[in-house]
Amino acid sequence: MIKETDLNTAIWLLFLGVPLAAWQMGEIYTITLATKICVLALAGVGLNIALGLGGMVSLGHAAFFGIGGYAMGILASHAQSYAPIMETPFLIEGTKSMPVIWVLAIIMSGIAALAIGALSLRTNGAYFIMITLAFGQMIYFFAISWPAYGGEDGLSIYVRNDFPGLNTLVPIQFFALCFAILTAVIFLSSRLEHSRFGMALQATRQNETRTQAVGLTPYKIRLIAFVISGMICGLAGAVSADLNRFVSPTMLSWHTSGEIMIFVILGGTGRLFAPLVGAAIYIMLEHFLGGVSDYWQIFLGLLLLMVVLFAPGGVIGLLTKREAAHD
Amino acid sequence: MTDILDVRAISKSFGALKASDNISLSLKSGEIHALIGPNGAGKSTLINQIAGGLKPDSGSVHFAGQDITSLAAPARARLGLGRTFQISQLAPEMTVLQNTVFGALGSDGRVSRFWHPVMKDKPLLEIARSALERVGLAHRSGERVSEISHGERRQLEVAVALTQKPKAFLMDEPMAGLGHGGSERLTGFLRDLKQEAPILLVEHDMDAVFALADRISVLVYGRIIASGTPTDIRSNPLVREAYLGDEGET
Amino acid sequence: MPLALFAEQVLNGLQFGVMLFLMSAGLTLVFGVMGLINLAHGSLYMIGGFICAAVAAFTGSFLLGLGAALAGAAAAGVLVETLVIRRLYARDHLDQVLATFALILIFSEGTRWVFGSFPLFLDVPDLLSGPVSLPLGIQYPAYRLMIIVVGLLVALGLYLLITRTRLGIRIRAGESDREMIAALGVDIAWLYTIVFALGAALAGLAGALVGAIQSVQIGMGEPVLILAFVVIVIGGIGSVKGALIGAILVGMTDTLGRFLLPQFFATFMENTSATTIGSSLASMLIYILMAGVLIFKPQGLFGGAS
Amino acid sequence: MKALKTLMASAAVLMATQATADVKVGMITTLSGGGAGLGIDVRDGFMLATQMAGRDDLEVVIEDDQRKPDIAVQLADKMIQSEDVDILTGIIWSNLAMAVVPSATAQGKFYLSPNAGPSALAGRGCHENYFNVAWQNDNLHEAAGAYANSAEYANSFILAPNYPAGQDALTGYKRMYEGELAGEIYTQLGQTDYAAEIAQIRASGADSVYFFLPGGMGIAFLKQYAASGVDLPVVGPAFSFDQGILQAVGDAALGVVNTSQWNKDIDNAANAAFVEAFQAEYGRLPSLYASQGYDTANLIISAMNVADVDDQDAFRAALEAADFASVRGDFEFGSNHHPIQDIYVREVIKEGDVYTNRIIGTGLENHADAYAADCSLN
């Protein structure tokens, strides 16, 4: 059977190669699709830390994804209209600089994850799933009804934000940027997985009593992981908003949470490259099945059901035949 | 000899059931103090209150000169209360070595390190390897916990507890399911270990208890009915009475 | 504020709560007995609405429609349970969430395929159309009163079922110890199917009852599903009593919040912004209630001790 | 359906061979999920017009946006980047239009809106390549406000969901309405129980009710209102009384007054042909949305008759002329490329077993939207 590390390398090369080939052939839309996959995979990598390593089944990660998106939307819209976000007690101006936006998106989603996590992690199991779902919906309804930033209409940013040295409106350049971020974050999450913290997180998933007995507090470990996970989703949200040049409450809806979770599970929960593989399969299915039938979501549903029932290790699990990291 | 662990008059009720009824208990350095009693006597409840899983309704628990009654389990572990469980509590997907390293990591406490691989951390590895050597499990380092035998898991639990360099051990039926040879080996090991840190031992294996214990306390219906040396306990009429119906089982 | 208006709003809150209870009872029962978290519960609600509308349109009888909705949702429940759900009991919550999410996709688009993309017609029966007069001069729709009565009867029925019948004894045994009742020779697979079908029938009943005053359309189950989650988190997962109390609490909070918050803001703000801000906050109110409950009782009001 | 598949297939063939002077239209609309009925109507109306015109130099590529803004944006990217369409159309919802239109027009494509008309795109955000064939969002609400004046309502109770289109709706009503407000309520988007609101209406002492609650929300409100025993006159925009929805509301809607720029009984040859052909092709009565899709296609065809789409200025001028037989009768574009048209007042009636509308008057004549002055196009 294929070794997982070899498979990962192959996947990585494929994701670099296809858009480059498409660029050569002038297939611009293929690059856009690949960029979308990268961005959604990034959110999946974030969720995978909570879900795969930490065993926290969160149905509320769309909240962090959306908050990242809105961080971008709000900063960029103020920069476009030259109206400061606030003047008292101190002046905050909007910005069109991606790095600055990313930092703020990460901070804002991290704060939200801290608040939601601190409450939700007091519970576990099914309670946790439902509570994260409910908090996500709370933020969703708030975003729809709060008129300041477009409500349900969302916010349009007519031009992509700036990144030093790049023309982000050129699809292949923006793809390269997203791919670089994804690669960096996957690398970071691999370091995290094997670090002291990663060991504590995985041990906590496997046996909470053991964690307590060695003198560590599971709640704190989970909360830190939840915040890191939320921050990555926030970054993904900001980049995704830039890809679409648009943010809206849809980013916050529980269907988005479900989809991010599907990416992770389709690929194989807890595996490093699962989100990338899962997102790629999902987006391609959406792309091709949509042309076959108006009722294509039935087939998507059936396929998902098959994966859950018969291939619990996801696609990477099928290919490597290593037993699921999570059971 | 000083008291490392001092349980002072704790009580705990679940509804009408008095699981712990005004229990006082101490553990001095260098000793093995065995806690015995028939099933349902309230041993698990008592252990849980000492380890931090349950809070007593009244009374207090002191450890290494500090009142730990309101501390949670992890904080008690950090103070040096090492623990093994009645049913093995290990991370099943991690290897034997990883579980031991995790123990060392816990007592080291510096968990918020996100970058360096923990399995290349020399000090932690050293602590872990020497603990595995001591329990005789070094040759199984690379196995996943889900693959090793029941007896090996019991050894591993002791090894993990060792990495924490505890001031006292709390051992809940370490002999259970070990078989005759295994029990004997562990008996010898614990006899040496008590010099390092005293052991509060809950055990059903009466041979081991009477061979090992310096003191024995007998718990029946949530009360300590007798406490003393093995010889005292053997001849105590109350103990004989309490155990009469249960002899076969113990 | 006139007392009659306030009393009518309390009645509305009660009615909304009772409707939420019908949804939550099945969800919480299925969780309590089988440990299954079922996102597709909202789809069963939708199926109830659609079957009732279709049968009522065909036969001209709302009552027949209601009966068909109950039977149809229960049948859908049995079908789904035997084909899919029973493979999930031994799985973790993650697999359950994903599989039942997939079921939502299949049910929603499948229903659209069968019934088309437009909402269906379903109206209250003539007998119950129009208002009745209550004390304090309240005019209250007869049909809504009927929903309150039906909901409370279902609550009573469930209470009797669980405390007084053999099935109830088995359900309670199933909640506490699965191996035990299997060892006692109870056919556990059959028990699970019955409990799931019961939950499905309750959801279908709710969908049909509510469909008559709201709208029978694709996706009608999802907002209710999320509210039902809030209800059972507040009440304590697995507790039917908790579901009843949680449902009424959520129903009251939501209705009175929507009613009172904008008025409260209007006392010190300009009218239009008071109504927008008031209703923005009102839409978050039940989640704030939930967070409040969790701070003090992480297992819900009637959940088991941790 | 069959015609559609053929067209899509021919589109695929043509894409492979490249380089024709044909007009290629990308339609992004909602074909699955909760709001699919509207998108299907727009598509069917549009395709009916192309079929009736028998043009084989008009290709249409159709994609389903699932009512998700991000999907709509992706599809627009795809249409522009890989399908190389000349014209985009089809979007139903304002929030999706806000996501797609600005960037599509900025990339030099025409966008013809068959339904959504957010105020931002009518005023400061207007664009020379953006045309709205339906209405500016406020229009029908303004007509309702005008109708309220003529019906001598002096104390209206108004309600809408708490989201931008809802806020615009009530603003539009208040812009024309001259009486007092007995109450103003914003409900939650997607809310389906209106008992609390109806109780407030009853207690408010209002003499009339105006509501904007699209889709299932409106169905639920009307049924609950009818059962509540409150018998104040109700006025709404056409969206809650459309052909697709009306059958689900039933008797509760009978006699309710609503405002619309189109109805199937508007007396002109184009409309008669449209209503007949639509029923023959699809076996159901056409809706407002179908009429808008139909007009959109005919507008494109009229422009194709006089200009080459590659000559953008000429094609734009041809669109501005709006020289086509609208099913609404008179139709012209204002300076901001939004319609100047009559908005009618309709009443819900029952024809045999089918609920439908008939026109009982005109709410606003030759009405233009309120934002044209903010638009820099002239």
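In this document, chain identifiers A, B, C and D correspond to the written order of the chains, with residue numbering beginning at 1 in each.
The rule is simple: contacts are C-beta pairs under 8 Å (C-beta built on N, C-alpha and C of every residue); 3 or more make two chains touch, one makes a residue touch a chain.
All values derive from a computational prediction rather than experimental measurement.
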Exercise for review: Please find the path from chain B to chain D through touching chains that uses the fewest steps, and give that number.
Suggested key: 2
Point to revise | Least step count from chain B to chain C, where 1 means the two chains touch | key: 2
**Study point:** Remotest chain, chain A as reference, centres from CA atoms
**Key:** B
Point to revise | Geometric centre distance via CA averages, chain D-chain A, whole Å | key: 35
Point to revise | Cα-centroid distance, chain A relative to chain C, in whole angstrom | key: 31
Study note, to complete from the structure: So, in whole Å, the Cα centroid of chain A is separated from that of chain B by 43
Study note, to complete from the structure: Each of the following residues of chain C touches two or more other chains, namely 108-109, 112, 276, 279-280, 283
Practice item. Any chance you could list the residues of chain B touching two or more other chains? Key: none
**Study point:** Set of chain A residues in contact with two or more other chains
**Key:** 141, 145, 147, 295-297
Point to revise | Touch relationships between chains, expressed as pairs | key: A-B, A-C, A-D, C-D
**Study point:** Residue ranges of chain D in contact with chain C within the complex
**Key:** 32-34, 36-37, 40, 162, 167, 184-188, 190, 192-193, 195-197, 199-200, 202-203, 215-217, 219-220, 223-224, 226-230, 244-245, 247-252
Check your understanding: Where on chain D is chain A touching in the complex?
Key -> 31-33, 36, 63-64, 68-71, 73-74, 77-78, 81-83, 94-95, 98-99, 102-103, 106, 118, 120, 162-165, 167, 186, 188-189
Study note, to complete from the structure: Note: in the complex, chain A contacts chain C through residues 51, 57, 59, 119, 122-123, 125-127, 129-131, 133-135, 137-138, 141-142, 145-147, 254, 258, 261-262, 265, 269, 295-298, 300-302, 304-305, 308-309, 312, 326-327
Point to revise | Complex interface listing, chain C residues touching chain A | key: 31, 35, 37, 84, 87-88, 91-95, 97-99, 101-106, 108-110, 112-113, 226, 229-230, 232-233, 237, 276, 279-280, 283-284, 287-288, 290-291, 294-295, 298-300, 303
**Study point:** Contact footprint of chain B on chain A as seen in their complex
**Key:** 191-192, 194-200, 202-203, 206-207, 209-217, 221, 224, 325
